[in-house]
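You will see chain A twice below: alongside chain B first, and alongside chain C after that.
Up next is the complex of A and B:
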């Protein structure tokens, strides 16, 4: 094994595995795991806080999922698997979920793990201070604890997405006795997490590293194998690459190195790479159209812009091939679950520019003397330079249909305020993760109830479609997978037709690792799951 | 005696200056659009309005500006720098953790540059228009014109990736867990490249100023007199000229010493050095106002103190300059 796991064979896993073997080194001869050693991983950027129960920024879980555990984990088919919950049972009406908990689990402070911790983590912490709480736990009314090892979730309505949101990175289980009677966000363990995971928090030197030490009393016998994990923070991408090349760091997930460097690193004999472990991310780059603006209020104009963009060009040249063209608001990651459909209006057709120009003419915007129909502003995503390159391409692409695009780059705070509070934008260029279920990360961009001024990354487009609202609302409660899939298929078709935004590319993250590090990517959660089985060859 | 009274006066005068800086900083920062709550909520990706409101309340951003200002001034007067909600940590602790590495890097780079720059400047001036002078001029020009980030990356490529002599980045090697002397040697190894990258720029600067200053002294009456007395060239240069010529360099170094606490964002970023520069930069990016104001306040105090120290040093070097 060379660190690449062998997932159970499924359509999805085969697809991912074939993608991975294309760029990863072939498996070496089998080796037996040996305990000990210190693994150094690169996390970028440095998290502001380790309070993963209250802040869900993407750079926190690689550290905190080593310390905090959730009730469930997921297999390669994204089916729920036991973690702190030994077993679970959903009632026929979908309104009661019974979890039997693992016995003999202790927190890093010595306290025994019981159903009281589960109830407190959900009702007092996640529901109140977790940014995803109001969405994921909307239907959760109470957690009953008939005995120390049983937790019964009572729901107001069925919530099929809830079972997809219980991993260590979604809702970490905290120790009730540590939090009781304190304000959760000012809790002393906000930056010194205490959980049940395989590694316990040891130290955080700001600007340098977080050190995690092996938890000797971990409940899974014989694990973890590593003695220590060090999460290092290196702000410069070129230096991160150098640290991997010299062997100073063993692991870097979430495309922490420049895409342009990846090809070179794949040729390095000491390094390997994989695209596995991002199964619950469904990251998609999109455009958002401000439908309050007169030009963009017209469907023809929005569709014309969708036609003008060559998505394959973006994948090949902006993402260096790490991704694929997006067809609609749902990522093709949802193919296994059945939610995704390809049966929508296709913008990548051979005569797309012809169609786009005709749509513009029909909308009543003829080309002026200089070939320009009208001008628009594009707000450049502030999270990295690849977005500026994409914006530069979009300027060219829209120029072909007579739209003069002016690029505006601002820092994160200014950009967010302009696009989500002031609504002073024409086209925005954000980047979304859908999460493990569309309810978690897709609905909020399109339903009209999510038009909430001042809230970031929700429906800022002023898109109001009673049809889509109804379909998505029904899908939230539908327990039958076939019916739920039908609802999502209809919603996708309608949204692509309306084009409140343009869906550009499904971004594929890459993990670079040292070949001495084995068994690091063991499931679809990847670096959002503890490295309990990872081991180092020495 | 008189000197110390003067020093006391200046210290008293410095108080309104620092206070003015406090007030100005506070209101300047308010001009930046967006706030810490929206940035944090944005990073969370999926935040609800309730969550953002909760953050604003927790950060005190929902209170009137004047109230925030008065609370801030009251805290600052008691040297309480406040709490960084974004980092869930007191501001003073955050700054203190970065102060050591920042001073180590800056003092090493600055000290080496000052010493070596002065020496090279003297060497160039003494051997004016010779090949040594030309060589020094070319070197300083190249050092001055090379972008620091490029120099840093090239050092990493050559000495870490290719030669494997030095670690690429960081302050120390945590994985090995060194202690005592071994730890200091390890930190020293980590210091070499960032110190060099940063120091070369200052080196170039001081060399050029020192050379110019030395040449200016050459034609002075006291030098002519000393030469007429038949003193050796060595005694003229080191006994008479050096002390006078050093004054402009000292003045310049005094001004730049303010950078000591500011750190260098570029070098810290390239070498992953835990300095104050990146801390301030990130605080600005994330609108962490308490932290940013704390850093501003600390550097304002330090700049005032360093300026006083430089003045004292100047008076000591040249007693003709009177208080």
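Up next is the complex of A and C:
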């Protein structure tokens, strides 16, 4: 019995000593990458599948981009950088792109990576089953493979956006021999991915975690540094916060943590936060007006609604400050590329309510005895409570201009069917990511060719503007950046004037991480890129 | 009846419960006067702690929590009472038919009742609300639909027990019709049990409604305690008041109704006390 106190004492002494070293450790030593260790990241919610080549849900790529790689990655200025493609060359007419591939790359099943895998991934998988395929790869006619390390893309028309859409997240390169002769979604690797990335898939315990192990034969020498990544699924937001605060989890991207908790977590000395790594999302919350409805068919009414909303209030109280007011259909993240313009009709003017009420009067909808002009329904976004809060605010805001808003909150399937198949809605409050190029995630909400009944998150507003159609169509093919910017500026101006929707707030995602985890956010793709250089301080 | 009132008044806890519920009813009635602007109005700066201007503080959007609690009382009582009442009416009818006619009618109705009893009440209520799309009416229907089986079984049991009594046999002998026997002779004899169980049903209906609203299945256009709690949950660690006060309101109301129910049970069925 007398032996017990001694080890307890020494353990405490040891802890104290290690704490002291941690405090005294010079910064230079802390910055030397150390291999080994297991990183735990929180992914929320748990993905339904890991078939990132066929499903574009945002909770899949944090896991699959560790396993699958794309041809390219992007630097902080969103300039294409080599990944599986060692180099690339776009011909002068923009119709031929030649990729030279990395040599000595092997898939996790041991197969060698060649141009045949690239051709199969694009022509047989991405073009056929990737939901973004019809847009991004519309002009891609063929992938030629003159030798094992060269892939030549033949395009029908120039497609400047294509070079912005080749990341591990956009078009993952799969192993041809695994997929050949099978239906892509039924392929056994749909939930057991085999790629060329720094981590290989090990196990998926449903409801618990996905385990990824270091791929020993990874083609980048000395990488990855981590031995293992565990992606944990924790359904309850408070528990996710607690997991980070206790150091049980190291990383949570895409605002997996409640916005209300972020400020408090930022004050926690063991945690850090960053808003970097979301450069290609351009997430914006919007309203969609159903222009088939008589009230909303009038431009004055739509503009009046835009004037009635205090966007700064939404940013401050619904996003807890993590965002900024939106001014139009293009996010301000497109400022660096030059496509964004602020030169549009501004709704956030001091006398906005006065203008809104006058527009309503002019449209021929005077206030009734109870101050109400007419009533509309708002379909509440079913993807979380934040949207119900926003809906409750909108009800108050529109009340100020005499529009009585009735909220309707239904389950996801019913909501989507009502808004995108039955068109039985007045106002909808969805949320979009524009992607790295407007062609990827902006065009489909506004061009008349994207009025496709039954397809979710396309033009359900019945917005048909020949001017905007033409401008966007030209912008799709324009190779000259200045001319392309001019086309987008004109399109934005026209769309804000027409107000087929209201653009509310640009959402700023926040990543919360344990300060022991280093080098996790290495580019604009953030959590949609492999943690090949990430390492843990121990 | 008078004796029953006296017995109820002697039960101090039940009187306390009745006082609390009386207070809630007064608040409900005076709500439009106290907070004429309604509970959804953005009354002031967000997340203000309780103080002089906002008695119970404000929530994340700057809405007055006190206004929400008062307006929520109305929703809770409205839904609790209507759901319990419709469950009692429907349950009594089913139970009476099964208990009086017995035989095939009894077998069919009781299997139906058991079918509803075996499905978890809350899950069934959720499903019904989702199918009918959330509104005050659909919530009332869903709660009644999961609450009636208990009443039906109770009433059937009472009917079976009373069925062989002399006064019933005499009525049959005198040629009284089935409905007359059920409504004039049998039902009045089990009304005390129905009232006692029915009052407890109000409490469980309020709890069910709060649970549904908490999960976002309440009517989004109507303020309710569950909605307040679910909205305040995200700020629980920085603004405790947003979900604490509606939580206390639910606790007090449900507890009081239960106390009243117990009091009624003892007052109306005095023999229970002797057991």
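As a convention for this text, the second predicted complex is superposed on the first by the 508 of 538 C-alpha atoms of A that agree within 3 Å, B and C clash if a C-alpha of one lies under 4 Å from a C-alpha of the other, contacts with A are read in each partner's own complex, and residues count from 1 in each chain.
We adopt the following convention: contacts are C-beta pairs under 8 Å (C-beta built on N, C-alpha and C of every residue); 3 or more make two chains touch, one makes a residue touch a chain.
Not measured: the values here are computed from a predicted model.
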Simultaneous placement of chain C and chain B on chain A, clash or fit: fit
Contacts of A:457 with chain B and chain C, given as first, second, both or neither: first
Greater chain A contact set [chain C / chain B]: B
Chain B versus chain C as contact partner of A:441, first or second or both or neither: first
A:380 touches, of chain B and chain C: first, second, both or neither? second
Which superposed partner A:317 touches (first chain B, second chain C, both, neither): second
First, second, both or neither for A:85, with chain B first and chain C second: neither
Partner chain in contact with A:260 - chain B first, chain C second, else both or neither: second
Contacts of A:396 with chain B and chain C, given as first, second, both or neither: second
Touching partner for A:411 - first (chain B), second (chain C), both, neither: both
Partner chain in contact with A:56 - chain B first, chain C second, else both or neither: first
Distance in angstrom between the closest Cα atoms of chain C and chain B, superposition on A: 6
Footprint overlap on chain A, comparing chain B with chain C: 238, 411, 414
Touching residues on chain C, where the partner in the complex is chain A: 40-42, 46, 60-62, 130, 133-134, 216, 220-221, 230-231, 233-238
Residues of chain A defined as touching chain C within the complex: 237-238, 258-261, 263-264, 316-318, 380, 385, 388-389, 391-393, 395-396, 406-411, 414
Chain B contact footprint on chain A (complex, rising order): 38, 40, 48-49, 51, 55-58, 129, 131-135, 185-186, 190-191, 205-209, 211, 228, 230, 232-236, 238-239, 242-243, 245-246, 248, 411-414, 416-418, 420-421, 432-433, 435, 440-441, 444, 452, 454-457
Contact set on chain B toward chain A in their complex: 32-35, 38-52, 54, 58, 86-89, 94, 97-98, 101, 149, 153, 156-157, 160-161, 164, 167-171, 174-175, 268-275, 278-279, 285-287
